[in-house]
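The following pair of complexes shares a single chain, chain A, combined with chain B in the former and chain C in the latter.
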Partner chain A sequence: MSKRTDLLLSFADDELFLGWRNSEWTGIAPFLEEDVAFSSIAQNEIGHARALYELAAAELGTTADELAFDRPPDEYRCAPFVQLRRLEWARTIARHWLYETADEIRLAALKASEEPDIAGIAAKMDREEAYHRMHAEMWIDRLLSTGEGRARLDEALDELWPYALGVLDDQLRPELRRRAEERLGRELPDVAPVSRGVHEAELVALWEEMTMVRRSAPAGTQW
Partner chain B sequence: MTVDEVWAALAEIPDPEIPVISLVDLGVVKDIEIENDSVRIEFTPTFLGCPALEVMQRAMEAKVDELGAKADVRVVLDDSWSTDKITPAGREKLRVAGLAPPAPRGAGKLNLVELQRGGFRCPYCGSMETHLENLFGPTPCRSIRYCDSCRQPFEQFKTI
Partner chain C sequence: MIFEVFRQERKGQPLQHAGTVDAPDERFAEIYAREQYGRRQESVALWLVPREAVSEIGEFPDEFEMKYRRVDGYSIKARLREARERAGTLEAAPGAGAAE
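Our next item is the complex of A and B:
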């Protein structure tokens, strides 16, 4: 597999899994506006995954749906960060902010890509992601405004920071640390990243859920 | 068949989710070229996750088919579409339908504080006394605002 295809699949898998994780808040978020927000963010992320899978599918002679749903769990390349199931609000917000910040850094690098189709999609995604980032920033402000919020956010950051580093390639990680420490007003642990290639047990459970309908129907079923 | 006739035909296709405006009003038809009996349409989706994209593509193909030609719809995925591409007529149709048109894209980054505070007109009573309820709404392209004058929530087309 080419480096380009590997990059497209890694990025698409990140967006697909995070989209599914975000959608787990639909109906059970702390209040209605957040049900709507996390559902809408999930829809955007899954749309981004589809666009990236379509580019990869053209190279591999397959389809976006087959890449999204027909691979065995071992073949997904998503960062362990997006595999985690964290239905706890401070951890959800910590992951949301860390992922969107890492994503902004990754998109900036891809917008400068010499491959016009990748640069084009990155530029389009970035327009939409601006809303995700504003939403995450709003929640960081809220958590930082009280002692309890700060304490809960700190606990979540200590747990999730090594995973967040694992979203980015080596050379982009210092920028994530710089932005995170400045915005969150604290030092982050000097730890080894939990990098791509490691699979959390939660990945298989999510894979079983998201492919269940497709696996239950014969190939070629028209929905 | 001329390029202008194709533009006129596509201008009859309503947006699947906001049927008061057409695909041409929405600015998603980027270019039309005719070669023999084939019509090449460059199309730029609004949001990548918008479920209406395939419906739009099929509607354009059907329209060109009615003109007796075959459509070759090419999807362009870059940042060449923005809400600034919505035509003035399209913006007015959105407003009349109760959906506040998007603010123009500024030179700088989108700013949460500006979105929260003001500069957005209520499509029902025209008041500028409105505030942001939710950055996100019922479809990817909409936010929810509330008018403090007529006490009515309304949908705001996001600026992207």
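Our next item is the complex of A and C:
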């Protein structure tokens, strides 16, 4: 598999799994308006995954659906960060903010790509991600505004930071640290990243659920 | 805080009341309104107004029934009938039988 296809699949898998994880709040978010907003953000991420899978599928002679749902769990390339299941709001917001910040750095690099279709899709995604960032920033300010919020956020950041580093390639990680420490007003642990390639135990359970309906019907079924 | 949301469907059209969002402050309200009233491309503009900023008027007394000021006007039929009765020309009036 080419480096380009590998990159597209890694990115698509990140967006699909994060979208799926965020959608787990649908119906149980802290309040109704947030439920609608966060579910909509989750749908956007899955839409981004589809666009990226379509580019990869054209190169591999397959389809976006087959890439999203028909691979065995160990073939997914998503970062462990997006696999974690943490149905606790401060953790969700910490991951949301860290992911969107990492994503902004990654998208900026891809927008400068010499391959026009990759640069194009990155620019399109970034225009939607801008609203995800506004949402994440607003929640970070909210958490930072009280002692309890700050404490919960800090605890979540300590746990998630090595995972967040793992979303990006080596050369982009210092920029994530710089932005995160500046914005969050604290130092982040000096730890080894939990990089792409290993899978969290939660991945399989999520995969089972995500692919259940598709696996229940014979291949080629039209939905 | 409750915000009243007004939505413009196409440029040049009036903004019409779309519903409300319940949000802790204006910043949250903008994000939520965008998601609830704009994510399907159904709006080109939204206005958000804190409910407290809305002045409501709900009483319109009309003690002397000045119907002639109302937009739907007033019925001339009954008055015409009275006038014709007074003048004794009721039977001769065209369509008099049907007037009620």
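FYI, the second predicted complex is superposed on the first by the 223 of 223 C-alpha atoms of A that agree within 3 Å, B and C clash if a C-alpha of one lies under 4 Å from a C-alpha of the other, contacts with A are read in each partner's own complex, and residues count from 1 in each chain.
Simple rule for what comes next: a contact is a pair of C-beta atoms (placed from the backbone, for glycine too) under 8 Å apart; a residue touches a chain by one contact, two chains touch by 3 or more.
Since this is a predicted model, take the numbers as computed values, not measurements.
In the three-chain model built by superposing on chain A, chain B clashes with chain C. Once chain A of one complex is fitted onto chain A of the other, the partner contacts of A:135 extend to both chain B and chain C. By the touch criterion defined above, A:117 reaches chain B but does not reach chain C. By the touch criterion defined above, A:126 lies against chain B but remains apart from chain C after alignment on the C-alpha atoms of chain A.
Legend: residue contacts after superposition of the two complexes on their common chain; A:198 is shown touching neither chain B nor chain C.
Of the two partners, chain B and chain C, it is B that touches more residues of chain A. Look at A:51: by the touch rule set out above, it reaches chain B but stays clear of chain C. In the superposition on chain A, no contact is made by A:144 with either chain B or chain C. By the touch criterion defined above, A:108 lies against neither chain B nor chain C after alignment on the C-alpha atoms of chain A. Look at A:36: by the touch rule set out above, it reaches both chain B and chain C.
When both complexes are aligned on chain A, the segment of chain B among 9-17, 45-53, 63-71 or 135-143 whose C-alpha atoms clash with chain C is 135-143. Comparing the two interfaces of chain A, the one with chain B and the one with chain C have residues 33, 36-37, 40-41, 131, 134-135, 138 in common. On the side of chain C, the complex with chain A involves touching residues 21-24, 27-28, 31-32, 34-36, 39. The residues of chain B lying in touch with chain A in their complex are 47-50, 76-79, 81-82, 109-110, 112, 115, 133-140, 144, 158, 160. Contacts from chain A toward chain B in the complex involve residues 33, 36-37, 39-41, 43-48, 50-51, 116-117, 119-121, 123-128, 130-131, 134-135, 137-138.
Of all residues in chain A, only 31-34, 36-37, 40-41, 131, 134-135, 138, 142 touch chain C in the complex they form.
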